[in-house]
Amino acid sequence: MTRQFKWDSGLGLLGLLLLFVGSYIGLFVAPAERYMGETQRIMYVHVPCAWNAMLLYTLAFIFAIVSLWTHRPKWDAVTTAAVEVGIVLNALLLVQGSIWARATWGVWWDWDVRLTTSLIMVLLFAGVLALRSFVHDAGRRATWTAIATIVAFVDVPLVYFCVRWWRSLHQVQSTPDTVAPMMVVPLRINAFAILFLAIWMMAQRVRVELARRAQDQVAEPERIAPIGGSTNA
Amino acid sequence: MPDGVIVGGWSYVIAAYSVTAAGLIAYAWSLVHRRRKAELE
Amino acid sequence: MPSRAANTAIPAVQTTGLGKRFGRQWALAHCDLEVQPGEVLLLAGANGSGKTTLLRLIAGLYKPTQGSMSIYGMDPEQEKLACRRTLTLVGHDNYLYSQLSALEMLQVWTRLRGVELSEEQAIDLLREVDLQDRRDYPVGGFSAGMRKRLTLLRTRLEEPKLVLLDEPFSALDASGQNLIEEWIEGYRSAGKTVVLASHNLPRSSKLCDRAILLQQGQMLWQGTGADLLNHVGATA
Amino acid sequence: MSLFRQALTVVRKDLLLEWRGKGRLISVLLFGVVTLLLFSFAVGPDSTLMRAAAGGFLVLALLLSSTLGLSESFRVEQEQRAIEGLLLLPVDPIALYYGKTLSNTLFLMLLAPVLTPVALILYSVQLDLQGLAVLLGLWTLAAAGLSAPGTLYAAMTSRLQSQDVLLPLLLFPLVIPVLMGAVKSITLILTGDPMSQVSAWATLLASFAIIYSSLCGLLFPHAIEEGI
């Protein structure tokens, strides 16, 4: 237990440190972008959040399949953890995206393909957690969480293509593509920072889940000695 | 998107970074809190 | 009585260390049970003693938390459908669609078993439980006893070797209870296995070859039906 | 083969129940009509605006009615635990899933002949016979797309206390591709399709239905492992 505690808090601290370094470079060292100016600096947290949210959802999908296959509590715990941390990053992504939209396009919301898809994604996976919270039996809760996660994940590419087609009649908003080397460095650093932080969060969430499960793990009552009676069949 | 360069915009950057930090801290705090509660019981 | 010869055969039901936990509550624990083919076994015990849980575990409606189980030598996990073909359970619920008639209910059940039931056969069956005049009426209008009788017909129209009955006498009048008794006697002579849970000890203890008393999810006592009456009388 | 026959038995039983419980069917139909009416009040008496939004309203009426139909189809199963009676029989759960999905699809298709004329009249849209046929085809694809995941989720939520909230919560975000595809294509049918984009949207609707009916068919046996 104490050894496990060390690896994930170490990773968490490393993530925190990297986030400070990356954000420092992003905010104060990297040059301002040609057209977008300073607002482009939002990208150094925005894009890492997006990458990691997608990564977590993909992991959740894989964990869900394993959970359905093995019925082991630990796989249910990691599936839930990945979904939940994914939702947190996804929610941050939405807020950052909204601020970005306000700064560049002058509106708080734009029906941009990625922004719209991430809004639908957050709703899809929030549904998984909602379903989960209503099921009392631990075994069924694990199975249903896995099923809902798989069903939700398969929808993501469909939604993405759909929104793209839906938007194709309108003009497509440009996204910054002029990238100087000093812009790549903070992006990469922050991507790993968020990844490490996400792993730390997942580890904590897994602990919560396993601790809750452990409460239910009441040992079988002691065997009552059978009394009397003839045992002829 | 306007033609020229967007001047300034630091306020948006600060808002985005603060929201991110606040979100991460709030979630981390809830995790620690929930874990303590679950492990104590 | 199925005695020595039956004992060498594969047991109809065999459980080893079977246990089921709901949340933090063990509904059933340390259940080592062997039911011989052709045996009529009575599960007795107070409410919440684990009778229903045990029956539902055997029927495959619950997955055991602990232990293992076999139905006529088959593993319920591996051969789920084969087990379902072998056994039938009539539990507390009636499994009815209010808007269907008695006849239609029977047809739905048999068709899903892959058997086509002719109308004459269906009417014969309904006559057994005295519902032949009601065959075209929606079951939603039936009384509790009539519904119970209709549902108990499931044990007649299917050909399972293992009949599981949870409180078969409840909601039935005296004639209905006599009928079920007759059926159970018939199953015994046909070599079928019956496991029933009942609170109606005077009736069911006479019927059974063996009785098991459950208490707080554990098998406390076993013996003959007559002994059970004495035992319960002595402790009560 | 027996799988197919079992599924058909389930469909037959569901259709019979639907026929006997006509009151339910009529209530859902009326609900659809009422929503269509409400949408027109929401947009106001501007007829051009209404005509432009007619496709969207029609599909939204279908979507809102679908959750009623889906949860109703499992309420009947839960009333006297009839579904447990089915699960106790040697029935393949996959047959149960496809039977219920097919009967739910048929149920949603029944909404078309009522809701379409009402929408055409209320929103004063013209449609020729060929357009009507294409619309029915699209409606069928949308109904199948809604039922495929809807049946799985309705089965799962049918025993939970908050199924009335939970089912739409799970289903609505999931079926956004169906919603978009159906709205876009039906609107194109109603307002003219100069670039013949309808077939692309129809392909999307069909893919959704195929992907989800196969995926949910695989998952359904797991969902009901311990009964529902």
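Order of writing sets the labels: A, B, C and D. Residues in every chain begin at 1.
Basically, contacts are C-beta pairs under 8 Å (C-beta built on N, C-alpha and C of every residue); 3 or more make two chains touch, one makes a residue touch a chain.
Note that the structure is a prediction, hence the values are computed from the model and not measured.
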### Message
Of the chains shown, whose Cα centre falls closest to the middle of all protein Cα atoms?
### Response
D
#### Entry: Between chain A and chain B, centroid-to-centroid distance (C-alpha), Å
15
## Note on the structure
Expressed in whole Å, how far the mean CA point of chain B lies from that of chain D is 40
### Summary
Whole-angstrom distance, CA centroid of chain A to CA centroid of chain D, is 31
### Query
Residues of chain A touching 2+ other chains?
137, 139, 215
### Task
Could you list which residues of chain D touch at least two other chains?
225-226
### Message
Where in chain C do residues touch two or more of the other chains?
### Response
63
### Query
What are all the chain pairs that meet the touch criterion?
A-B, A-C, A-D, C-D
### Query
Quick one: in the complex, what on chain A touches chain C?
136-139, 215-216, 218, 220-221, 223-224, 226-233
### Message
For a test of understanding, state which residues of chain C touch chain A in their complex under the given definition.
### Response
3, 7, 19, 21-26, 29-30, 36, 39, 63, 66, 209-210, 213, 215-224, 227, 231
### Summary
The chain A residues in contact with chain D across the complex are 68, 120, 123-124, 127, 130-131, 134-135, 137, 139-140, 143-144, 146-148, 150-152, 154-155, 158-159, 161-163, 165-166
### Message
Looking at the complex, which residues from chain B come into contact with chain A?
### Response
1, 5-10, 12-13, 15-17, 19-20, 23-24, 27-28, 31-32, 34-35, 38-39, 41
### Message
Can you tell me which positions in chain C touch chain D when the two form their complex?
### Response
59, 61-63, 81-82, 84-85, 88-89, 91, 93-100, 104, 108-109, 111-114, 138, 147, 151, 154, 158
